[in-house]
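In the two complexes that follow, chain A is the common piece, with chain B as its partner first and chain C second.
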Partner chain A sequence: MKISIERGALLKAVSQAQSVVERRNTIPILANVLIEAEGDQVQFRATDLDIEVLDKAPAQVERAGSTTVAATTLHEIVRKLPDGALVTLNADSAAGRLTVEAGRSNFSLATLPKEDFPVMASSEYETNFTANAAVLRRLFDKSKFAISTEETRYYLNGVYMHVADGENGKALRCVATDGHRLARIDAELPEGAADMAGVIVPRKTVGELRKLLDDDEMDIAVSVSETKVRFATPDITLTSKVIDGTFPDYTRVIPQANTRRMEVDASEFAHAVDRVATVSSERSRAVKLQLEEDRLILSVNAPDSGAAEEELAVAYGDERLEIGFNAKYLLEIASQVDRENAVFLFNSSGDPTLMREGNDQSAVYVVMPMRV
Partner chain B sequence: MSDAPPPPDQAPGAPHPRDAARLFGQARAEGDFLAAYGSDRLHHGWLLTGPEGVGKATLAWRIARFLLATPPAEEDGLFGAPEPPATLDIDPEHPVSRRILAGAEPGLTSVTRTVNDKTGRMPDEIVVEDIRRLGKFFGLSAADGGRRVVIVDSADQMNTSAANALLKMLEEPPARTTLLLVSHQPSRLLPTIRSRCRILRLNPLGPHDMQAALDQAGADLPADTAHLTALAAGSVGAALRLLALDGTRLYAELIAILASLPRLDRQRALALAEAAAQRNAGERFDLLLMLIDTALARLARTGAAGQPPAPEAAPGEAEILARLSPDPRRGRAWAETAATITARARHGQAVNLDPAALVLDTVFKIQDTAGKSR
Partner chain C sequence: MPGLCRDCFEQVPPARRCPSCGSPRLLHHPELFDLTIAHMDCDAFYASVEKRDNPELADKPVIIGGGRRGVVSTACYVARIRGVRSAMPMFQALKLCPDAVIIKPRMEVYAEASRKIRAMMDALTPVVQPLSLDEAFMDLSGTQRLHGAPPAVMLARLVRRMKDELGLTGSIGLSHNKFLAKVASDLDKPRGFSVIGRAETADFLRDKPVRLIWGIGPSAQAALETAGIRSFADLLRWEQEALVARFGSMGARLWHLARGEDARRVDAREPVKSISNETTFSSDTADPDLLDGHLWRMAEKVSDRAKAKGLAGRVVTLKLKRADHRILTRRLSLRDATQMADTVYRTARALFDQVGAQGPYRLLGCGLSDLVPAAQADISGDLLDPGAIRRAGAERATDEIRRRFGSDAILKGRALR
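What follows is the complex of A and B.
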């Protein structure tokens, strides 16, 4: 294999591929990136056995072929090369070396046979549809904070992407929960997605996927099967295993009949919660919310370190209510609100509380109260 | 080669079990597995038992390779079901074989002892975290083909909490999952684990298979292998270990010391003890303890059977064994001594007793028994 490629294009492709390589990995081939050159493009493929990233870049291919080389080393080399340099990659399969040349720099890297590299078979996907990057970004960004980290409930370690009945008919929905809070985000159902089987997208995949979604104009091709999910832009293809489990019936825990409505400016609310929570250093910091007519008193009482109280003007017309929450959970859901006021719907101090943005039903959050 | 210690599932001096292309002398066990595979009702938990070093792990890796490389049989097609496979052999150039060798097969995971992150040391047991890591493997959807294989090498090393964690997975593994447990002493496993596995027994190898297996392992064999074969008792792993650490000479030395009984040759015993106490002689020390155990076992057998076991494992061994253990009563005395010594040695190692002192203590105990039995 022998190719010439512009340094910028190479760096972009290699850095996206190498990010999936596990840092503390003991298996040599999994630290490598598979380089395949054919026609007028070169592909870089990296995997941690659960996720595979495939990156394409245009290149001048003098001799087609393929090899594998340490991903981080190659990335570091390319990163340190001067901008605009033309990089030549030349694989000598007999010597088991890949030479990297740019200007006066010359590197020789050890390679491993490409046959040892585990390539995820592009199995048949039952559902294929296209979604706008901005839409997918909203779905995952607003839900991922609620992903559980508890390994025993592995089926909560991801975002459940499925088709559900939203307020305007069928919707593409992402749900994540850790048992204490839950996020349910809807988007308009893309064409061709109606028959999609629900899949739980693992946390690491959600993180990797985020890197594909920065460009608002980009269309992402999504393919889903029972065991795999794939997101593809023209340059990058991200394929991942999904979580092998059943996502719990979350609809049961979303309160339907909460009537006590409080409306508050989300950022003011978040700042106030953050301030009063300062006095308590415990990990599960409880913040007490005292609601009276158009008045909210936030307070924290930590017997060891002190107490704090702050008053906020809110819109509230129901009877008095006292309810406690974990400060971190409140902060996280409040930070999801970016356009309108946050609307909290309470029932009693022992029941889950619902939060949404204005009257927007397409993003709903549920949080369990704490006893204070 | 690097100076790093071999991985915990590799015997010293031997290749890693996943590297062995062929397995010798275990055709019956392989046949049993293939029959179960062909019967279309493959059990999900298998316990591979037998003495250490007869090829249990090699068989486990072979089964893993076979299962992952053999596509699930189609439902009765136009021409009926395809012939069931007659061998576990998989082409070493098969993509699955290549990936398994490179450690990059997504459908396979192996559980061994792992270095403790906090202390940086290799513990003696498989801890519960090692088993819990399987949760992640089982938690994600299966890779292509849908099969998943787990090798636990060895199951004996699991501590109780690890065993209990594994039990949960043995009870309800995901679909198309096979767990292969390698166990040298299945009686020491939790009965609940044993009862959930189908047992595949592997026997010691005959001389012919032994030779073939040693050749495959690339062993540098001495001209005369009679003593080695006798000492290894049908275990390739033991033979390789004896070869690597010059065990036959060590055993001959031990027998020479026994020959001086009941008036112990103290000089020689002292030299033996000091050699065992050298720095970095941990492996040799372990081997010496094992050989002492072997010698005592052979003494006990001599007494019980009325004649020394053939062939002899060191020059002049038969005569010495016959002299020290002439009748069943003394055979029993030796067996009792063996039990005490094993317990004492284990205790001594647990409390980090000076190896030299431990060896001397053992030798004196042997002398004691030899004196009594006269």
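What follows is the complex of A and C.
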């Protein structure tokens, strides 16, 4: 195999590949990226056995062929090459080396046979649809903060993507929860998605997917089966196993009868929470919310380190209420609000609280209070 | 040379018997009244408590330990003469001493005796660092003017008080640091009182084996032996850098200990780092129901102790020992610290399920660590487990019922498995 490729195109393709590769792994071939050249393009494939990313780039192919080489090393080299350089990759299968040449730089890298590279078995996807990048970005960005890291509840270690009854009929819905907070985000159901099986998209896949979603105009081809999910742009294909488990019935977690309504400027609220939480050094910093008519007092009382209090003007007309939350959780949900005021719906100091943006039902957050 | 009668506490000149009371238990040492760091170690503590409570046992070999499969936790001095040692497997102890009286440990009784001894030590100095129920370090620096007597006299009085009021004996080691005080208390057991002064430290240590150091177990010993280190004299030949290079932080400590130096202070407020409980089964088992019952009881014990101490833990640990003695441990960090048996059990149970069927097991234990005050515990609920709040309420009510009507007043069904 011998190809020449522009440094920028190469860097983009290789960086996507190397981020999938697991840093610590015991199977040497999994640290490698598979490079295959044919016609007028080259493709780079990397996998951690759960996720596979395939990235295509245009190249001048002098000699078709393929090889595998350490993904991080190749990435580091390409990153350090000058912008605009033309890079030549030349695989010498007899010597088991790949030479990387650019200008006066010359590298020789050890290769492993391409036959050893595990290619993810292709499977039948029952559901195929197209979704706009901005729509997917919103679905995953607004839900991923609530993904659990708890290994014993592995079925919470991802975003549950499924079809559900939304405000205006069927919706494409993403839900994530760690048992302390929950995010439920809806988007208009894309054509062809109605029969999609619900899948739990693993956290790492959500992170990799994000890199495909920067371009607002881009359409993403989504394919879903019971065991796999695939997201593809014309250049990049991301295939991932889904979490083999049952996502819990989250609907009963979302409070329906919370009537005490507080409306507050989300950014003012977030800043105030952040300020008062400063005095606490505990890992789970508890912030107390004291509500009375059109007034919110946020306070933190940490016996060992100090106390803080801040008052905010809010819209609130119900009876007095005192309720405590983990400061971090409040900050995270408040930072999801970007257009309107944050609306909090409380019940009692022991019950889950609901938060949404104005009256928008398409993004709903639930947070569990804590004892203060 | 300064001297002391251990029976009438008179300061006496060198002699065979005390001029005042005629006792032969005299103690002489040039630095006797200058040393202030002491280690008190009860003599065969559990066995002594049992003998005290049942005089018929006085001359019999008594072994405290659990069941056929257990190990010796304490052997009385009669049994020790026959070769029984603590931590020895029970069957081996019985081979050496077939007529031994085996007694299951009564921890509450020992804890009660320990509390009384602790109170006596607290009367001597505010700086008492208990190591376990039956031993403690004391720093008596600056207490001479308070008591009107040097530390050595007060320590002799302490063991006398323990004998008179509790019927228990202990041995004292007195020196200028913790390491040597602990070594000294072991020199002349039972009812010993040994002194290691500054002047004799180097001579005393030179030919002693390094296993004398507390914390040097068989594996560390083997590592030292590979380096040609058996005695303190061997250690003295090493440069500090060389020891550190070879043994890490332990090397630096060894270098100082070789010279009889130990800068650790007697720390009265050594915090509890973890709470755990384990049980060795009477026979190996892989029965999930049986194991589940054990798991619940262990979780409940851990929780009881956490509640008693006003502590809660963020990390739950599960420990399993397989029939081939391989130990499996799994741990999980909780979002919220807990002291509830229900949470400890459910977490340990999830860990147990993760381990899968690797049984049969001979031991199961669970523990709580990364401890915080109880006020920071169980402060938030779980959205996906709305029943947790109800179960926590039930557990608090159960605790209250037990407090009033005894620990058997109410039990979970799974505790009976």
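Note that the second predicted complex is superposed on the first by the 372 of 372 C-alpha atoms of A that agree within 3 Å, B and C clash if a C-alpha of one lies under 4 Å from a C-alpha of the other, contacts with A are read in each partner's own complex, and residues count from 1 in each chain.
To be clear about the criterion, a contact is a pair of C-beta atoms (placed from the backbone, for glycine too) under 8 Å apart; a residue touches a chain by one contact, two chains touch by 3 or more.
If you're wondering where the values come from, they're calculated on a predicted model, not measured in any experiment.
**Q** Give one word, clash or fit, describing how chain B and chain C relate on chain A after superposing.
**A** They clash.
**Q** Counting only touches as set out at the top, which of chain B and chain C does A:Leu30 meet: first, second, both, neither?
**A** Only chain B is touched by A:Leu30; chain C is not.
**Q** Would you sort A:Glu151 into first (chain B), second (chain C), both or neither based on which partner it touches?
**A** In the superposed model, A:Glu151 contacts both chain B and chain C.
**Q** On the A-aligned overlay, A:Ala286 touches which partner chain: chain B = first, chain C = second, or both, or neither?
**A** second
**Q** Could you look at A:Asp195 and tell me whether it touches chain B, chain C, both or neither (first, second, both, neither)?
**A** A:Asp195 sits against neither chain B nor chain C.
**Q** With both complexes overlaid on chain A, does A:Pro118 touch chain B (first), chain C (second), both or neither?
**A** The answer is first: A:Pro118 touches chain B but not chain C.
**Q** After lining up the shared chain so the two structures overlap, which partner does A:Val366 touch, if you call chain B first and chain C second: first, second, both or neither?
**A** second
**Q** Which parts of chain A are in contact with chain B and also with chain C?
**A** Common interface on chain A, chain B vs chain C: 151-152.
**Q** Per the contact definition, I'd like the list of chain A residues that touch chain B in the complex.
**A** Contacts found on chain A: 26-30, 49-50, 112-113, 115-118, 120-121, 123, 151-152, 154-155, 157, 202, 226-228, 241-245.
**Q** Please name which positions on chain A make contact with chain C in the complex.
**A** 150-152, 177-182, 248, 250, 253, 282, 284, 286, 324, 326, 350, 352, 366, 368-372
**Q** Once bound in the complex, which stretches of chain C touch chain A?
**A** 332, 335-336, 347, 350-351, 354, 376, 378-385, 389
**Q** Which of the residues in chain B come into contact with chain A in the complex?
**A** Chain B reaches chain A through residues 93, 95, 98-99, 101-106, 132, 135-136, 138-144, 146, 174.
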